[in-house]
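You will see chain A twice below: alongside chain B first, and alongside chain C after that.
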Partner chain A sequence: MEELIISTENFKKIVKELQEKEFRVIGIPEGENKYQEITVEKELSLNSEAAPAGSSFKEYFFPKSEPIFFYKQNNGSVDLFDPIEDKKGIVVIGAKPCDASAMPIISKVFNWDYKDDLFNKRYDSSLIIGMSCHYKDDYCFCVSTKGSPENTKGSDVFLTTLENNYFKVATITPKGEAFVKEYGKHFEKDEKKHNPVERKEAIPEHFNYEKVKTWLDNNFENKFWDTAGEMCLGCAQCAFVCPTCHCFDLVDEQCGSCEGRRAKNWDACQFSLFTKHASGHNPRDNQEKRYRQRISHKFKYYMDKFDDILCTGCGRCARGCPVSLDILQVVEEINAFAEKS
Partner chain B sequence: MNELKQICKDVLTEKKARLIIGYSEDKNKKVKPYIARTPEDAEKFTFNHNAVNNLAVYIPRFKNHFEGKIGIVVKGCDLKAVTALIQENQVKRENLFIIGVNCSGVVRDTDKDFSKDNSQIKCKYCQMKTPGYFDAIAEETIEFELTDDDQAEMMAKIEKMTAEERLDFWNAEFEKCIKCYACRQVCPMCYCEQCIAEKSTPKWIDTSATPRGNFAWNTIRAFHMAGRCIGCHECERACPMDIPLSLLTRKMGMVASAEFGYRPGMSIDEPTLIGSYSTSDKEDFIK
Partner chain C sequence: MNLYTPELVEIKDIIEETPDIRTLKLQFKDPERMKNFEFKAGQFAEYSVFGEGECTFCIASSPTRPEYLECSFKYAGKVTNAMTKLNIGDTMGLRGPYGNSFPIEQMKGKNVVFIAGGIGLAPVRCIIWNVLDLRDQFKDITIIYGARTVGDLVYKNELEDWKQMSGVKTVVTVDPGGETQDWKGEVGFVPTIVEKVAPASKDTVAIICGPPIMIKYTFPVLEKLGFEEENVITTLENRMKCGLGKCGRCNIGSVYVCKDGPVFSYKELKDLPQEY
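Right, the complex of A and B next:
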């Protein structure tokens, strides 16, 4: 297929057409630090130099709270009702590789023993347009977690930043191909041969994830864990802004005198309640054990089960941590142990 | 900073405290909470404009784990939290070794240098640059100028709103809440072993991050802070969704002060507002 390019202005036209077709367009508006629904096409910003948004866009596929069903008491029996389905397809525009690549990773857990229809319906009818990244700070480590600033994993269409607000367009999946075909009039041939925007500084490989995994395989009881997470306060900032954290809780809640709903809510392994049994026993009874779980789930258990690292190296958890607990520095330390042993 | 390190080394060498909770700087120049258990560990201690955390939050966590005193490095504002914990019987004064630091203000955005525009809101009306009492103090300090208290302007604006407008304002803010409970976890006064948000028999508030659940959580937390919040603003700093929580807690504090002449964390001997009564207490707020 010949190489196509598109300008930011033309992308805004596509956004308008998508909105007219009743798609929910998710992107990051100019000057904002959050993925949100783009309601006015002019707001769309495609800035590859921006820092990762405060949170990932997972909430549009896996909301912070969503009803599974509603119930109503009816003369001694209970009637159940399905939630109203949102039939609008989702198009994410300008996703960072560290966000887009998380989608196939969490899709594995939502399609493991039980197929999560709520997630799948949204994911199957979505289109994710990724964009190469030109950002780097002390927290970025995508290269260490099988990714890169040009990683196309999870994207249906991938944009590479060129000079003069142009993007080179690569179609990654059949879905992406169909999209480029449908909106073909907005794309053009690269006759002027625009140069790609060069990265100022490469993102180094900070650790070897295989070595880290081997160390984790053998060091569940290592005394390193006694202090690694001891300053962790046990909030869920890290898990809730993370593109790959996917744990949830199920709760029944009242909504009216004889009515209620069962909801699926975000949950996090750093909460003490997360593993507390009905008996009162808690197998992870201190923050140190809970922090070990967080690291092990990301760099060992998920690899054991799904052959993927449950981390894309976006660094959000550390950027926002109230006590500046930096996952990269913790894993680097593990890597250093692994290299010594 | 050398003075602080020396004090901490001496305290640990002479076993005046079992451990010291202080600040260290990582390789990215981020200042974070750190615990020293040996004099060698104390070499890592630091203190500067980036030492934003209120370390008093760790006191309830460590009080049951260790025998011997807990050493803690405190700024003037953080000492109020320590005092309030003593007032509320969460720790005994004699079980603490308090190492005060003279503070020259802390940053709001840790990626930028400290300046008039980049300081925590609380620093703008700070009256506690030096801790009121301590077992040892690192004296070195740089003076800083107080700047305009722009939060007071915002509070005046909110007060002028009608009840409906205020409700709209707060509902829009609370809608952002993701129930990560960073506000609770980072708060030195939120030490309940079981939070009301975790109670299920009966369940008092919805745990879902829905408008209803978010409103319930954020208002109940504000009420539980009335007359207890010492104004460290850690809740607002920790909030990943940028909800201006300190507007609420500061307002509750101002009400407690205006109605009952009480400010928490000012004296270890003073009974708490909620734990005491006076026949002269005003009752005109009960309607």
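Right, the complex of A and C next:
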């Protein structure tokens, strides 16, 4: 396929057409720091220099809380009702590589063996348009977790920033190809040969994830864990802003005396109740063990099962941590142990 | 319908086993489902009380007796508390069967020793009846069961049935101080009684389920008796929500108890981190 480009202005036209076709267009509006639905009042911003949004866009596929079913009870008998589906397709525009690449990672969990249709119905009908990232701060480490600011994983279409408010358009999946074809009139050939916008500073490789994994394979019991998570408050903001965390709870929410819903709600391994048995026994009965679980799940357990890392290096968990517990520093320390051993 | 939505079952009978343990006999509301529901001994299900939530138990009835699905539970938390208030004819939800199962095919042609403590007899009862219903495919069968007190013993009628059966050695014990004046069984903790009964370990599979403390002290006894690690089988009961390998809480290292378990051999457990 010949190389196509698109201007920011034309992209906004596509957004308008998508909205008219009743798609939910998700992106980051001008002057905001949160993925949200793009509306007439909230115009899309495509700024590759922006910092990662406060949280990822996973909530549009795996909502913070969603009904599984509704129930009505009457004298011991029960009727169940399916929730009403939002049939609007989702189009995410301007996704950072560290957010877009998390979607296939979450999808593996929701699709190994048993299939979670609540997630799949939204994900399968969606389109994700990723955008190269020109941001860097001390928390970014995508290059250490198999990613990069130009990583196209998880994107159907990928935009690379060019000069003069243009983007180079790459189609990554058949879905992306169909999209570019459908909205072809807004794309153009790069006749003027726009130059790409150069990154000011490269993101270094901070650790070797394979070495980290090997250390974790052999150090479930290690005094390092006694202090690694010592500061952790167990507030789980890290899990909630994380693009790859996917743990959830199933909770009945009674409404009145005989009806209600069962909901699938976000949950997190940093909460003490997460693993507590009804008997009172708790396999992860202190924050140090829960922090070991968090690090191990991301850099070992998920890799054992799905051959990938449960972290995209977005750095949000550290940027927002109330006690400045920095996952990068922790994993760098593990990397240093691994190099010594 | 999505994978987290339960099917509806009706409570057909309730047996009050002890002051805090109940057995429910359940049938699917849909008679066709009752006919085509298949499971293996050792698998578990998620049981719902609508408005309260779900809880996880092994199926306590045997696949060889498909008329009812049975679960036995002890009052411990919110959902089990609600389950103690249900009546015959009430509707519950059920999802399952989930997880792996006891290796019954590998047990055929061997001796089997069942060891259970307290409510831990529920999952073991499933495989006991499964084995007894295929009696001629197994060699000697020993059942060792203990509870804190005589009043805490579950499946009392079935314990009597097993005692009467030829070719089945059934030993029932209560913890010291838990006996009544007319108690005719053993007095002593389960590990002590296992040592006393000393079942032959050659060509024998031991299935053990009960409180963690009982399992912890019974493993060394079985080792001493010469049992091979891969022939000592137990079930784990980490907290679960989905039962489907997704919600993220029942893992022990890279292993999901809901998918890779709940049945594990002592050999497999030794390779896992001590986090259960």
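Here is the rule we go by: the second predicted complex is superposed on the first by the 338 of 341 C-alpha atoms of A that agree within 3 Å, B and C clash if a C-alpha of one lies under 4 Å from a C-alpha of the other, contacts with A are read in each partner's own complex, and residues count from 1 in each chain.
Simple rule for what comes next: a contact is a pair of C-beta atoms (placed from the backbone, for glycine too) under 8 Å apart; a residue touches a chain by one contact, two chains touch by 3 or more.
In this text, all values refer to a predicted model and were calculated from it rather than measured experimentally.
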Quick one: chain B and chain C on chain A, clash or fit?
fit
Look at A:Glu22 in the shared chain and tell me whether it touches chain B only, chain C only, both, or neither; answer first, second, both or neither.
neither
Chain B versus chain C as contact partner of A:Asp307, first or second or both or neither:
neither
Which touches a greater number of chain A residues, chain B or chain C?
C
First (chain B), second (chain C), both or neither touched by A:Glu230
first
Just checking: does A:His297 make contact with chain B only, chain C only, both, or neither of them? Give me first, second, both or neither.
second
A:Glu198 in the overlay: touching chain B, chain C, both, or neither? Say first, second, both or neither.
neither
Touching A:Pro283, do we find chain B (first), chain C (second), both, or neither?
second
Once the structures are superposed on A, label A:Val251 by its partner contacts, choosing first (chain B), second (chain C), both or neither.
both
After the superposition on A, what does A:Thr275 contact: first (chain B), second (chain C), both or neither?
second
For the superposed model, what is the least distance in angstrom between any CA atom of chain B and any CA atom of chain C?
5
On chain A, positions contacted by chain B and by chain C:
249, 251
Which residues, counting only chain C, touch chain A once they are in their complex?
1-6, 8, 48, 50-55, 76-77, 80, 87, 89-91, 93, 212, 237-239, 241-242, 244-254, 259, 273, 275-276
So in the complex, the part of chain A that touches chain C is made up of which residues?
68-69, 71, 73, 76-78, 80, 82, 109-110, 112-118, 220-221, 246-252, 254, 258, 260, 262, 264, 267, 269, 274-279, 281, 283-284, 289, 293, 296-297, 300-301, 304-305
Chain B partner, complex, touching residues on chain A are 54-55, 64-65, 138, 227, 230-231, 233-237, 239-241, 249, 251, 253, 263, 265-266, 268, 271, 273, 287, 320, 322-326, 329
Residues of chain B touching chain A in their complex?
26-28, 30-35, 53, 57-58, 61, 110, 178-182, 184-186, 198, 203, 206-210, 213, 234, 237-238, 240-241
